[in-house]
Amino acid sequence: MPEKITLNTYGKSNVRLTKVTRHVDRHDLTELSVDITLTGNFERSYTHGDNSNVVATDSMKNTVYVLAKTHPLDSPESFAHHLAEHFVKTYAQVKGAEVSIEQSAWRRIDVAGRPHPTAFESAGAELRTTMAYFGQRDARPAAHFIQGGLAKLLVLKTTDSAFTGFVRDAYTTLPETRDRILATEVSATWTYNDDDRKPDYNAAFTTIRTALLETFARHKSDAVQQTLYDMGIAALAAETSISGIHLLMPNKHRVPFNLRPFGMEFENDIFVTTSEPSGEISALIEREK
Amino acid sequence: MPEKITLNTYGKSNVRLTKVTRHVDRHDLTELSVDITLTGNFERSYTHGDNSNVVATDSMKNTVYVLAKTHPLDSPESFAHHLAEHFVKTYAQVKGAEVSIEQSAWRRIDVAGRPHPTAFESAGAELRTTMAYFGQRDARPAAHFIQGGLAKLLVLKTTDSAFTGFVRDAYTTLPETRDRILATEVSATWTYNDDDRKPDYNAAFTTIRTALLETFARHKSDAVQQTLYDMGIAALAAETSISGIHLLMPNKHRVPFNLRPFGMEFENDIFVTTSEPSGEISALIEREK
Amino acid sequence: MPEKITLNTYGKSNVRLTKVTRHVDRHDLTELSVDITLTGNFERSYTHGDNSNVVATDSMKNTVYVLAKTHPLDSPESFAHHLAEHFVKTYAQVKGAEVSIEQSAWRRIDVAGRPHPTAFESAGAELRTTMAYFGQRDARPAAHFIQGGLAKLLVLKTTDSAFTGFVRDAYTTLPETRDRILATEVSATWTYNDDDRKPDYNAAFTTIRTALLETFARHKSDAVQQTLYDMGIAALAAETSISGIHLLMPNKHRVPFNLRPFGMEFENDIFVTTSEPSGEISALIEREK
Amino acid sequence: MPEKITLNTYGKSNVRLTKVTRHVDRHDLTELSVDITLTGNFERSYTHGDNSNVVATDSMKNTVYVLAKTHPLDSPESFAHHLAEHFVKTYAQVKGAEVSIEQSAWRRIDVAGRPHPTAFESAGAELRTTMAYFGQRDARPAAHFIQGGLAKLLVLKTTDSAFTGFVRDAYTTLPETRDRILATEVSATWTYNDDDRKPDYNAAFTTIRTALLETFARHKSDAVQQTLYDMGIAALAAETSISGIHLLMPNKHRVPFNLRPFGMEFENDIFVTTSEPSGEISALIEREK
């Protein structure tokens, strides 16, 4: 019973780029980490060590820096798409290219109340993310699509979060609560419509991020699931250029500290911050077609 | 245009368990980290905050410890399967349960040449992994399957690795080489046959790990792809109870240090160890049916 | 030749606390990670397993939560001092207590232009730090002192950084440069004056952080050392309640990408972001007495 | 009140080196990460941006690779000493050099029962460590000293660990126990005698590591402190070339899982693995002079 390669991919991960764009009155700063994954006619490198079709991953790395020289990097989405298209159009053996980018957040340092033109501080660990896929005309999946997203968005609400009415059985010890801390690290991925109008990726990012944050803040939560759903619905309502959004929201538990042994009462005030285990809640919410 | 939930899952991650099994002459030690993901009729918790179908993730956590009390933990595969089956058989609203486990490696401390009965040292950062899926009778995907695996297996060969004949174009600066270091961190996942014979998971793990390691060591490599493929073929040849194996082998580059400015020659001896960027090579190799 | 214990300490690390302070119109949120280290008469627990003097580290953990219940947590410095004093005053065998705290940064979520009263987002990975030491009256070192600080403050300037005139010898390949990126992750620790006036720790933190940031932004740098020094001098000038400041500034190199093989010129625009190796520059700057 | 620099150091961190030493019948593999810290006459680079005394950290990095070319790397201690001496003897402005090295553990892959001559697998996350200080003749501290060490040595004993008789007061909730799991991650640093006999660093490392491990395994522990002390005493007894040893042993708690709500008894079998908070026990044990 012989074997076959059912699936193969290769690429380069964590190609880290800093670009400075020099304007007359200021510099712009862009910091990206790029992952590239190719599919195509590479089977003979596996089966015969024949590399004649293989674009070296070192060359992929070079390509990121070379294309960044001339591309404006106006959005990570447009650069990801540009890179993906490049690999498919340059190399006949590449059937599909997937390019994922994480963009770090920098903001200008305030000096005496004014943003400095050439000095920056980190705007936090939150990442703006994107994934662009570009396939040959006859390729499966679809010829191309672009996703935007964000990751490591830490949020916490100190009230308006309940968890009641869940299954109680022999494995249940968690008490019901009408008022708890809800803390999570949001990862969101949204897919842009597959049509001819090119969206404004930066405006869409801001719109969606605001919808997610404001809904999280205002929500009267009966379950993390419900908060996640309402956040997704709000994002879809706010931004018409996307067809769906996937949200992953781990429940980063704050556990009430038992003050009774010390003659005190827990009054929703003193919590143990925990990293593990964590609940993991996710859903993909899409417009009906 | 209304929205719908296309996909939803929830569960608990990083449930960390240490079990001591006390025999007359020795203790056995098992350390696991368990992730549980459920699919099923949970949509109303998203859309209405109605938790009546929701098994709290805290209860999932309890279940891991409670079931570990009576289960022998003879293999992570059997415990993962046991847990997954439990969730589907206990709760009608659970359509499918996926349980992933990472098992840490411990070995007995040698005292005066003998393994100590109750004292252990870490056997390294390498992990034994498993994923068991159990679905309701009518569920899609298949009713159940079990995967074994390993992760963080760091290996390095100082010779018998070439990389030549790849595409040379305007983006290429990497020289061809007939003798380089090949270093990688192997992640492997294999799927057990879907038949009635229950495999010996521990024996299979050892057989596959040995096949992977020995093939890596002996291989005359013309590409990481080729080494990966031959490792996969060797695993399939050595272990008949599996139907396929997926391998992911990032190329953890050791870059020759340029000694010329210092009046010396690089003689395949002095390398810069790097973490990023890394090549990423993967394939799924399956028996033909 | 017998042995003796020259030094011993013990304590508890990473006690993680979230406190919610409920006001009528809003909640305040404080998140701390606390480390406690005690010195004192604990030698017999080492030499004889006699724990009669040992305050269990689990009790130290409890103490953090119990004291946080009644302490306002108005500043990490005051809470660290309160904890350190508690251990020395409660237990005669404790000769000195060192309490270090890292405070995570949270800010209110903006909803329709207004800060939400009970919903928060992370303000970044930067940490506010403190260390308070409290010793018995006759203890060495000094009876008590309090340090403030910050860590993980990522900053980057795209110009006004030169590095020239350094030693050139057989080990040198780095070219001189009059214009490079200077990126660093500042760690700062300052020591409050040992006098009777209790400083406003929060105001001092803001004053010092602003002095560090503004000086970094405005500096015409001839060396990371010089930038570090001027930042320290600015902090001492801005905040009279401190006697000295220690700065650690790793040089997180951005390496020019060589575009020549691709027919392009490097114009201070395309850089490789690196994590390692990093330069490590530090100094302690104190007022003369 | 003017300011002065009380202390300044600079250097390079995480210089990562892989060296292959090619013998006729086999290759040897050494992987090091090197940190260098210099003290000396560098104040004018801080105060005036005058770099004329500054050895660029990039040159320090080069030096590691260049000196590794000709040094046998027979032990990390000898290479650290060689590097430290180099910096002090080469540059008059360098008053002292501290070189710290972490050596990763690799072992040969077993192929058909025989160690392969050129293929290696990681021997675990444990690190061999060293720190060598070399000062100018008139420098303070002492002209030179060499430390060996290890880090990330994970060990666990399932019995023979008690913790009783500790302080019970209003902050205590921990029950006494006569039988618990003791798990720790040992960091050890030992100092070689300051005399003319050059020790066999590799033999000493093996001797000390074995003494630490065997004592941990055999110990009837009444406190982590006592286990730590007896491990230190054993190391000093086994290896006469060292004058003292510092041990740091965080208590990586395994917390009994409360099985009572589920109608079962905890029988020292089912534990929650935790990462935080952790106890932190340390001592320096030296021979009396």
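Per-chain numbering from 1; labels A, B, C and D assigned in written order.
Methods note: a contact is a pair of C-beta atoms (placed from the backbone, for glycine too) under 8 Å apart; a residue touches a chain by one contact, two chains touch by 3 or more.
The shown structure was predicted, so the numbers you read here are calculated from the model rather than taken from an experiment.
Engineer: Of the chain pairs A-C and C-D, which one is connected by the greater count of C-beta contacts?
Structural biologist: Comparing A-C with C-D, the pair joined by more C-beta contacts is C-D.
Engineer: Over half of interface residue numbers shared between chain B and chain D means same, under half means different, so which is it?
Structural biologist: same
Engineer: Considering only mean CA positions as chain centres, point out the chain farthest from chain A.
Structural biologist: D
Engineer: Could you please state the distance in Å, as a whole number, between where the Cα atoms of chain C are centred and where those of chain D are centred?
Structural biologist: So the centre of chain C lies 24 Å away from the centre of chain D.
Engineer: Using CA atom averages as chain centres, what separation in Å is found between chain A and chain C?
Structural biologist: Chain centres of chain A and chain C, defined by C-alpha means, are spaced 30 Å apart.
Engineer: Counting only residues that touch at least 2 other chains, which ones in chain C make the list?
Structural biologist: Chain C, residues with two or more chain partners: 16, 62, 66, 171, 173, 261-262, 276.
Engineer: State the interface residues of chain A toward chain C in the complex, per the touch definition above.
Structural biologist: Listed in rising order, the residues of chain A that touch chain C are 16-22, 27, 29, 31, 33, 62, 65-66, 68-69, 106, 109-112, 116, 118-126, 153-160, 181, 213-214, 216-218, 254, 257, 259, 261-262, 264, 267-274.
Engineer: Over in the complex, which chain B residues touch chain C? Could you list them?
Structural biologist: Residue list for chain B touching chain C: 170-171, 173, 261-262, 275-276.
Engineer: Quick check: in the complex, which residue numbers of chain C touch chain D?
Structural biologist: It is residues 1-16, 35, 37, 42, 45-63, 66, 90-91, 163-167, 169, 171-174, 221-223, 225-226, 228-229, 232-233, 236, 244, 246, 250-251, 276-288 of chain C that touch chain D.
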